[in-house]
Amino acid sequence: MSNIMGQTITITLFGESHGASVGAVLDGLPAGEVIDWDQVRREMERRAPGRSALSTARAEADAFEIQSGFFNGYTTGTPLCAIIKNSDHHSRDYDHLRHVMRPGHADYTGKVRYGGFQDFRGGGHFSGRLTAPVVFAGAIASQLLSQRGVTVGAHILQIGSVQDQFFDPTGETEQRLRQLKEETLPVLEIEKAAAMEQYILEAKGQLDSVGGVIECMAIGLPAGVGNPFFDSVESRLSHMMFSIPAVKGIEFGDGFALAGMRGSQANDSFYYDGPVVKTRTNHNGGINGGITNGMPVVFRTVIKPTASISRRQETIDTDTGENCILEIQGRHDPCIVQRAVPVIEAAAAWTLLDLILTTPQGR
Amino acid sequence: MSNIMGQTITITLFGESHGASVGAVLDGLPAGEVIDWDQVRREMERRAPGRSALSTARAEADAFEIQSGFFNGYTTGTPLCAIIKNSDHHSRDYDHLRHVMRPGHADYTGKVRYGGFQDFRGGGHFSGRLTAPVVFAGAIASQLLSQRGVTVGAHILQIGSVQDQFFDPTGETEQRLRQLKEETLPVLEIEKAAAMEQYILEAKGQLDSVGGVIECMAIGLPAGVGNPFFDSVESRLSHMMFSIPAVKGIEFGDGFALAGMRGSQANDSFYYDGPVVKTRTNHNGGINGGITNGMPVVFRTVIKPTASISRRQETIDTDTGENCILEIQGRHDPCIVQRAVPVIEAAAAWTLLDLILTTPQGR
Amino acid sequence: MSNIMGQTITITLFGESHGASVGAVLDGLPAGEVIDWDQVRREMERRAPGRSALSTARAEADAFEIQSGFFNGYTTGTPLCAIIKNSDHHSRDYDHLRHVMRPGHADYTGKVRYGGFQDFRGGGHFSGRLTAPVVFAGAIASQLLSQRGVTVGAHILQIGSVQDQFFDPTGETEQRLRQLKEETLPVLEIEKAAAMEQYILEAKGQLDSVGGVIECMAIGLPAGVGNPFFDSVESRLSHMMFSIPAVKGIEFGDGFALAGMRGSQANDSFYYDGPVVKTRTNHNGGINGGITNGMPVVFRTVIKPTASISRRQETIDTDTGENCILEIQGRHDPCIVQRAVPVIEAAAAWTLLDLILTTPQGR
Amino acid sequence: MSNIMGQTITITLFGESHGASVGAVLDGLPAGEVIDWDQVRREMERRAPGRSALSTARAEADAFEIQSGFFNGYTTGTPLCAIIKNSDHHSRDYDHLRHVMRPGHADYTGKVRYGGFQDFRGGGHFSGRLTAPVVFAGAIASQLLSQRGVTVGAHILQIGSVQDQFFDPTGETEQRLRQLKEETLPVLEIEKAAAMEQYILEAKGQLDSVGGVIECMAIGLPAGVGNPFFDSVESRLSHMMFSIPAVKGIEFGDGFALAGMRGSQANDSFYYDGPVVKTRTNHNGGINGGITNGMPVVFRTVIKPTASISRRQETIDTDTGENCILEIQGRHDPCIVQRAVPVIEAAAAWTLLDLILTTPQGR
């Protein structure tokens, strides 16, 4: 069920970049929840293009229209559908790309998979625009998590050669996680934002693009969430994260650095902090055996450099059956990492809420 | 559905380390397939403990008994169930651990999740022993993939500070992938095996353990496999991989290194090699937009150091409600990376076969 | 996943009777299919209210708007979303019903299930209006089935005391099944239509309503479709049928009459009609062991009398916590059986297409 | 996922009549539940063959062996697997049936579906023997339901021309439902048992078989259980029921009789019985809009006459490609209705428990 995700709460995604709308159906949300729609709009604005010189000039309103599932100020418990109309189309920009496969994009793989019938304009169903309904869903999930004492936040750990410091793995404050959401380039070391911006603009000047790493943390999660063998917290979060275009890696806790550590270093010692069980370190990212242990859940995802660049690139023309040279016109983000931050947060929030709601009542 | 995985072919896993048996029900396998059971046994031996000084002395036979789904030399198309009886129990080894939470293990999280009713002996359902039926399933899947021209292989890229070279991302030969399966420590640079062994034994001598990185490659996959938005090849593979105990990170193609690259470097140029579409590089690991592009699928997973170590560790006693000191007796693997190699291959094979079978007929 | 149905092709349903819209997301449809939208509109008109004195005067346009999944005249293979805007609201009609539980409706059960937050206007998510997107989905499925030689048709077997003859269980012609779709009251014995109409109008005059039985047949199905143990053709069809409001029973083949038969009567003898395997009778409704045998699939569903009637009824007021008398104002269908016919056909078409597409390629 | 059923609790079924074993994996059961295994055995004995002259002489022990999921006297919360070894094989009885398709059985459809590779002995995976693990699962579910105040019971409403009276639709006592489980032929009018037995033996004497109707009731269910649109109580129960071999119809409440009723008759009036909401009648079988209303859930299923009869029957030989005459040797049940009673109860208990556990916590 390729466009459906989740167990107790499910998201069904639809839409193409240049179709009538993109949207989502959210099923299984608890009834009787108040939703702060302004807060949802703010989250969606964080993802929206055209906010700075760092992103594409395409200015989508990203205004959502609720179709169902919200009545008299509360969720109804029945499916909540929202559509986000597409606008600001320059569909003609893509006409000449019908047979020319952009490297790094899904043009070729989509063509093979769907026999050439896929909507190729602007990436169609593969477009980053599909992350708009993901942010919509995540913004709702965040509000429900907040009631349960859970906060999800993220910062840009790396853009190209510019590296931010790591989160304190044993915990950041809710306030700090929330403050990060106010920044265009959310970082822990404030001076790194300027360095990252400069790095991005330099690449842009060279008609090129850059990638980065986003570090995400969820605090306030109770211990005991997760359903091994196959529905570990890591499994469910990674499944969701790799759905987001451009994500090519994920690690939990110390991740790949664990390969160079000894067991005596990597094991997080438990201790009683009064009645509360904690670990002194958090190399395992708050997860043991696929289940939360009450410490912050920490993970990092890598975002590859934006595939759309204006440089000349070698590729194929499936119409002529010959190799060719491509120069993409149009508007591109030299870096999508900062726009991916709210998407990663939203995807994490949705997944964690589903995991919490799916955990048996009595456990 | 926490112990069920897959769409067209599903695996339902059951068992605990010290219960009657572990096993799996495989549903949806095509009818009429010949299975080479000796080949399945060889794969299971690769995972089995007790093969060398590098792993635990616990000598499980790992002999499987087919309960159903195989008749007159062929798969029937109805569920194939296999059980692997447990033996060589030293259940008493674990009695004193009932209330003492081993760091790095699921003792505490499992206790919270299942209210203390989980089988705690030897990790119970969280034991690495649950990977035996995964290897069983994967060994069957490998044979079906082989008929379709697909081969999955893996090597140890890193153990502690010892690093093997990378696979050639544009492709290794089937022969080389198969040869790796013959080695206890499968590496590309043959001299690295001895260095890794020495590194592991050194840690063992210090009552400690080590982790590592496994690089896995699947060759021969057709282009067009994968089902975005949510069932991308990366999503499905990562979901499965994080089910395997001790896996804490996964990356596809150049993975985290993409954060330091430019778009002009990261994009893999397409070209016609005769009628065949290929890419000159493979920074994207054979996957664009969540769909295979016909190049080898390449990914790396990190295996954390074995959580079971004999060193003194601080932890909690949930019976007394106080902090305490733990010294684990019994048999431990100083390194499980080499035993994880066939598990990773098996998990990949099962997942890729499911993805291939789920891809629509006419696409 | 309460509002999602299907395996290879899935339908996600949303909407309430008096919300912005009702609609569906259809995922997994094959790419490259031409859809005759006029034909879809005709199917939806068959279900739409206001067509005759037999149904409610509420005149919904039931015009659908495609949001995604259809491009350049073909299905794209990615999710096809359609919304059907609601109009002609008389929401005020329902205000006084907020606390008065209409007998036979989901007012009370919905209130308990959703804690009183459900949209109660016009039945909300429980409204028969939710069958509009089901007909939309089924009309598409019918076209894809038609390409595969499969036709689904239905007639009204019974309304109150008026009984039509049964389908010939060994097969009706495609032409006859198609002709039935042209009729307001589709029956096999043409004179029964008038008798049924009279019966309905008589009940209407008494401020009452009537129910009936619909007999449905699918011809042209290949043998070998269905996936026991749990996904038998009967299981999948019945699951779908009982989703349709007012359906309270289903039987396949001779159904309940089989209780009075002997095995020697009920068994359908196989024979070769040239190279084709057929059965001489069809007491089993074209299904043996949950799998199609190549004969027509035949089933009957009972539609209970419309719950909305204008007569005085006893019920409860959950606001006062006391028993009360209800007199429903507004527009009601004295009989929905005729409007349910295209819904049953659509639901069957969608389910059968999913079953066909889910049957393994090589079987 | 053809052999997997359920949402919060899932059953994965495996096995063939003449393979090593049949069994089930039950996943998602709450942890910490005590199971009365003797009670489970009693339920399985009700289904087991060889108990009277009315059923086959094949005497299977139906002894189950727990593989996992039960530890120290409690469910663990991880998968509970049980296998039931097959014994008393007369596999040779079936050798000559390999190419001769028994009417009313799945021989032909299974052959087409699985390309001839299915285990054809004794019906293989289509055998009624697969209901043994269903009864096992249901017997566990019944105990968990009992803790929640829910009791499921059933009686034989009809065998051939012998008709028992109906349950009182507004409720039977728990005691009466339990007493019925003690009878070989559970009926409400005690004298009907002898009449049914005589009817069955008469058919047996004629080398023939009979069918019947089972009426099932669940009392004690809370209002508010069920998940429309697609996971109505009727949808979920019917899906499960049609998985049981020989079931060809199901109706809820007054079922097909509703076709002859008026709305004013069919609507069940609500009233307050003190603080408790009840309905004065129960024509809707305790379900409105797919959700329980707190009244007993009542449904009836028809069981077709046993397909295996010793009479000469016409059929086809797929080896010769010609029509032929079949005379089945071996042991047959002249009637399986009485053995189906505990299966229907078990299937209902499992499904209702899943629905209860899946209903959101706060609703």
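By written order: A, B, C and D. Residues from 1 in each chain.
Keep in mind that, in the parts below, contacts are C-beta pairs under 8 Å (C-beta built on N, C-alpha and C of every residue); 3 or more make two chains touch, one makes a residue touch a chain.
Labels paired with UniProt names: A, B, C, D = Chorismate synthase.
Remember, it's a predicted structure, so these values are computed and weren't measured experimentally.
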| item | value |
| --- | --- |
| Fewest hops from chain B to chain D - one hop per pair of touching chains | 1 |
| Third chains touching both chain D and chain A | B, C |
| Chain centre separation in whole Å, for chain C relative to chain B (CA means) | 46 |
| Distance from chain B to chain A - Cα centre to Cα centre, in angstrom | 26 |
| Centre-to-centre distance between chain C and chain A (centres being mean Cα positions), rounded to whole Å | 39 |
| Set of chain B residues in contact with two or more other chains | 1-4, 7, 13, 28, 31-32, 77, 113-115, 125, 362-363 |
| Of all residues in chain A, those that touch chain B in their complex | 1-5, 7, 13, 101, 103-110, 112-115, 125-126, 130, 158-161, 203, 206, 208-213, 223-232, 234-236, 238-243, 245, 247-256, 258-272, 275, 277, 279-280, 283-285, 287-293, 302-309, 311, 313-316, 321-323, 359, 362-363 |
| Chain B-touching residues of chain D, taken from the complex the two chains share | 1-4, 7, 10, 12-16, 19-23, 25, 27-28, 31-32, 65-69, 71-72, 74-81, 83, 113-119, 124-125 |
| Parts of chain C lying in touch with chain B, wherever the complex brings them together | 8, 28, 30-32, 77, 357, 360-363 |
